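The letters A, B, C and D name the chains in turn, as written, and every chain counts its residues from 1.
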């Protein structure tokens, strides 16, 4: 378990009902996946900015990096956890990771960065979906 | 017209269809409103962190600052404009601005920062809704 | 005076000695200049990512956008104001704005975005220097 | 080796001289340390915002989270690597991590979050210093 999740277990929360249905493994996976995706997208955006004709891919990756970073930071603020906000941001992150994955997937043959970025986006998308499911499952 | 919007008018775009229905006044209002909201939320979060019992408000404002910043940056990347991404992020920003406005509105009597933050969130929410409407209107 | 500076005048601060020598006009100029520079750099980075051979310029602008945003957010947190932190971040912002201005200046003839970005970087650099000077001036 | 560093080894760079003296283990340590510090500071800021009288600690942690995130993103953009920019940002990050570590260290007895945050800041500071040293060492 990474230190962030370890910290979170001990933290005060504003709305324990939001967290009560949360799977802590899903939380750990989400923070790790978002962090990895932000890093991959930042690097892929940088690499694509230097290649002819890849401006759209660079911009889509830059957007995805920012969205993953913001979503992750919301997950790291237990005091601010509120169901509508978290779900709306997870939905946005899923959409933007999908768009980035689809864009990068078209360049896998020519770019190792795009291949790794597409994989990271796909994993982040899945982690967001798992968290959404966990939030929608009533606590036992 | 602020310099950002002036710059944007001359920029290449990946998907002109996304922008074709866009009202440039709505874009200017959105960038300005998001920037003002990000600033107000950052300051309100800071002020609330120093007040007893206001941790939830501080966290909600910190989330809103990050979301406004990310949404604004997406709007400033014409090469990455893609309808699903923009609409999902606008929806998320509307939700989070509403949550922040509602939270800050409960402290207006005791905090000038919350009063100004609630006003900024409300304006950003409206600007996001106007942009969503502009994106949904078919170009003439 | 923009709303952020208006808010700041009423805010609690952790270390009033840091702010005591601060010129509030310099603060207003700094927040406005950093916000404009962040916006210009984000757009210029996006435009350059779509142009052949401009990957370095795109990356330098992306760095400058992030640094201006972070510096501005530090200025919007009066509770966290601490002399060494603020001065180190202002120094970093000055260096990075200078590098970005110099890079964009070499493309002014071919890119309107670079011309506007170079101007914004220069103004942000000056505003940072003015704030550094104000912080180094003993309060009367 | 994390995926980011794996990606970086294959990426084009604008100025290979900046990287020529770089220890790739120092780079891996730096990205990992900055990511962990950003996460710890975000959570610590959130926890402190909810505690009476801890507003300064909350704000210092919020600043440190933003600075670590921006420094890390600069390290993930090989196309934008430029010696003066990187060194100035590393110096700023060292200063701000030190201030945050010192602030959190005063609350270790009462807050587990501060204890973990102080450790993360210390590790990030060390990783920044190692990178600065690697950049100052002439390549063999």
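Things worth noting here:
Rule of thumb we're sticking to: a residue touches a chain if its C-beta (ideal position, glycine included) is under 8 Å from a C-beta of that chain, and two chains touch if they have at least 3 such contacts.
For clarity, every value in this text was computed on a predicted model and none was experimentally measured.
Chain centres here are means of the Cα atoms, and by that rule the chain farthest away from chain C is A.
Here the CA centre of chain B is 28 Å from the CA centre of chain D.
Inter-chain spacing, taken between the CA centroids of chain B and chain C, is 21 Å. Shared interface positions of chain B, defined as residues touching 2 or more other chains, are 12, 14, 46, 49-50, 55-56, 58-59, 62, 69, 73, 77-80. Chain contacts here are complete: no pair of chains fails to touch.
For chain B in complex with chain D, the touching residues are 45-46, 48-56, 58-59, 62.
Here chain C touches chain D in the complex through residues 12, 14-15, 55-56, 58-60, 62-63, 66-67, 69-70, 73-74, 77-82, 84-85, 88-89, 91-92, 94-96, 99, going by the rule given at the top. Remark: chain A residues 2-4, 6-8, 10-12, 14, 31, 35-36, 39-40, 42-44, 46-47, 49-50, 65, 69, 72-73, 76-80, 112-113, 116, 120 touch chain D in the complex.
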